[in-house]
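Once you scroll down, you'll see the structures, which are given as structure tokens.
Each of the next two complexes has chain A plus one more chain, namely chain B in the first and chain C in the second.
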Partner chain A sequence: MRADEEIDLLLFEVGGELYGAEASQVQRIERVRGSPRPNSLGRAADGARSLAVGASEGGDRVDVDLVLGIVTVSAGALRRVPLAARPRPYAIGLWLDRERPVVLIDLPEVITNPSPISGDATRKPE
Partner chain B sequence: MTMPIESPNAPKRRPPPKNGKDFQMKVVIDALSAALQGDLSVRIRADGLPGEAGEVAALTNQVLEKLSRRLEDSEHRKQSIAQEIDHALDGLIALVRQGDLSRWNSTTEDPLLGPLLEGFGKVVETLRTFVREINEAALRLSSSANEVLAASTQHETSSTEQAAAIHETTATMEELKHASAQIAENAGAVARVAEETLGAARAGRGAIGEFIQAMQQIRSDGVAVADSIAKLSKRVERIGTVVEVIDEIADRSDLLALNAALEGSRAGEAGKGFSIVAAEMRRLAENVLDSTKEIKNLITEIREATAAAAGAADASKRATEGGEKLGAVAAQAVEGILAGVQETSDAARVINLATQQQRTATEQVVASMAEIEDVTRQTTQASKQATGAAAELTQLAGRLAELIKRFKAD
Partner chain C sequence: MSPSPLKEALSAAPDAPVAAGARPEREYFCFRIGELSMGVPSENVREVIRPGPLTALPRAAPFLIGVTGHRGEVLPVIDLLRFLGKGESRVGPRSRLFVGLAENFSAALVTDAVAGLRKVARQDILPAPMGGDAGAEHVLGVVHRKGEPSLTLLNLAKLLGSARQRAVVR
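Entry: the complex of A and B
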């Protein structure tokens, strides 16, 4: 990826934390049907959004509290975390939205490792 | 010259007749006239008269001499009788002076004085009877005088006590008069206060009636308010439903805009404009969501407010119902009070009239008591005078008894 290349990031929140994922990883955005499904990021509140990652209907999805929208950022503004230094395998980088840090997430990795955290939506991922 | 008549008293001596028959009878007639006038000492000188004239003169002189002696005897006897009478009178006076009428026993041998002394004895006997009767009368008089004195003293004491009692009664009646006047004034004040209370109670009854009407109006208004609140609540619920629909639409729009943005992103450079429109659409959706959220908050506040208003209306309804009940109870109580106050006012009016009459009657009684006190004072004074007179009478009776004791009748 070149530094002058632009990337569309889908910004969302789970448990009060701001995350960003490459927009192309999300097939569509839906309403959560039923109770939110806990994932590695935490448990979303009722009425949250569900990010459909896979192509399958109702299969691969990440339930989040809030979808803030899509922003286009320069690839040079992104900071990739080395694989060996990643505290979690899905946290691949970091971007600063103005002064606010945005953790860049690899959504397929979240789906692959669905629930190192279970239950409490307020708990932050370790 | 010799006189034909002579008497021991020279002036009475008549000159002797000079001559003739007429002159001789004249001498005799003069002598008889002098005797007839009480001069029995006259005498006719018969030696110078001739014949029958001399005899008549001599006879006349004899008659005169006898008459003179008889007169002297009669005078002597008269003096004797007078002496005996004086003796008897002295004895009688001595008896009267000594008071012993029992010793009277005078006798005389003079047949002429016998009836007189007998009369004196009857007088003495009569005096004895008088003394006895007077003695008894004096005793009875003394006893009666003592009784009169005692009765008079008692009467005086009673009169004094009566006067004191009447004085106290008068003073008491005077106080009673003032008390009656005070009572009359108080009764008048009570009557006025009762009348004012009656007016106040009537005003209170009117005010309670107005209060009940106001409570009924408030309850009616409260029912209208409750109906309005219920309608408002329904409207709010309807608004909430609409807002939910709007919210749902906005949420769907937001979701749609997000997916449109995703599609625009996937379209690359060609989807830039699409992404911009999607972003704008999403922004609008978010605005709508923000607005619906705000409306929801307002609806929530309105629901709370209407619930509070409904509760307040319900409480107001209960309060007004309670107020109406209390008003009815108060009206009933005021009716009772009014009846009682009416009776009190009537009674106070009657009492006021009665106390006015009592005051007038008391004043009349006080005036009568003053007159009675004056009469009693006079009676007391008269009683004292009667007591003094009775005491004096007692003394006189005693004195009379002592005097009568000096006379011994038996």
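Entry: the complex of A and C
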């Protein structure tokens, strides 16, 4: 992909953290039916939204706190996760929103790796 | 007839300055973090920056407090106190990050205050205390200073290498 090409990212929040995902991975957005299910990114609060995700093994849902919308970003603003940060299979890269890195998530991978994260990952700087 | 003391001294005199006679010293980038005063070789420090937006990474190593963007580059941000097992840093508006380099790997490290560059004579560096803690393997030595806290000198290249390795083997 050339640096001047563009890609649509769906932005969403889980546990106060902002994430992005390739918008084409999301088939629809719904209200969560019942209690939100924890996933690799954390546990969404009540009243959450559910991302219906298509996956090779039939697809499932990823519950998130908030869907912020879709942004079109330049491929030149995408970055690999630094080696020292050891990307998880579902954390596939970063979008550099000016100086703010946004973690990019492979949603089908979240479905196949549903283990909840530890508390450290949700710790935020003061 | 024995040679005069001057001739004797001249016969043993070198043709060029002797390196051992100089005062070998190295420049360190010094900073404070928590209660600790630390220094790292200045050649391993690229720049000092203000903390920008910090993004936590899912399931990252505890000492890796996130990533930050700087001039189009994404830098991992390391909490030295956590890495050395000496507590936990707090990133606030007065904090500063310095960008450390080791081979082709760079990372931002959290400091509470930057003290600047300081030349330290090799002979003033005392060995790290024996039986040290988990971070002792990354200590080059300690410099005792009158009326000031001791300055702990870190091997930043080794530390960054270890950080990278620890992050990967988790």
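Worth a mention:
Just so we're on the same page, the second predicted complex is superposed on the first by the 102 of 126 C-alpha atoms of A that agree within 3 Å, B and C clash if a C-alpha of one lies under 4 Å from a C-alpha of the other, contacts with A are read in each partner's own complex, and residues count from 1 in each chain.
The rule is simple: a contact is a pair of C-beta atoms (placed from the backbone, for glycine too) under 8 Å apart; a residue touches a chain by one contact, two chains touch by 3 or more.
From a predicted model like this one, the values you see are computed outputs, not experimental measurements.
Residue contacts after overlaying the shared chain place A:Asp8 against chain B, while chain C stays out of touching range. Looking at the shared chain after the overlay, A:Ala91 reaches chain C, while chain B stays out of its contact range. Contact with chain B, but none with chain C, is seen for A:Val67 once the two complexes are overlaid on the shared chain. By the touch criterion defined above, A:Val81 lies against chain C but remains apart from chain B after alignment on the C-alpha atoms of chain A. In the superposition on chain A, A:Ala23 contacts chain B only, with no contact to chain C.
The partner that reaches more residues of chain A, of the two candidates chain B and chain C, is C.
Within the superposed three-chain model, A:Arg33 lies out of touch with both chain B and chain C [touch as defined at top]. No residue of chain A is contacted both by chain B in one complex and by chain C in the other. In the complex of the two chains, the chain A residues touching chain C come out as 17-18, 40-41, 79-86, 88, 90-91, 94, 96, 98-103, 117-118, 120-126.
Across the interface of their complex, chain B is touched by residues 8, 10, 23-24, 26-31, 49, 67, 69-70 of chain A.
Within the complex formed with chain A, the chain B residues making contact are 251, 255, 258-259, 261-262, 264-266, 275, 279, 282. The part of chain C that touches chain A in the complex is made up of residues 51-62, 64-70, 72-76, 78, 90-92, 105, 107, 160, 163-164, 167-168, 170.
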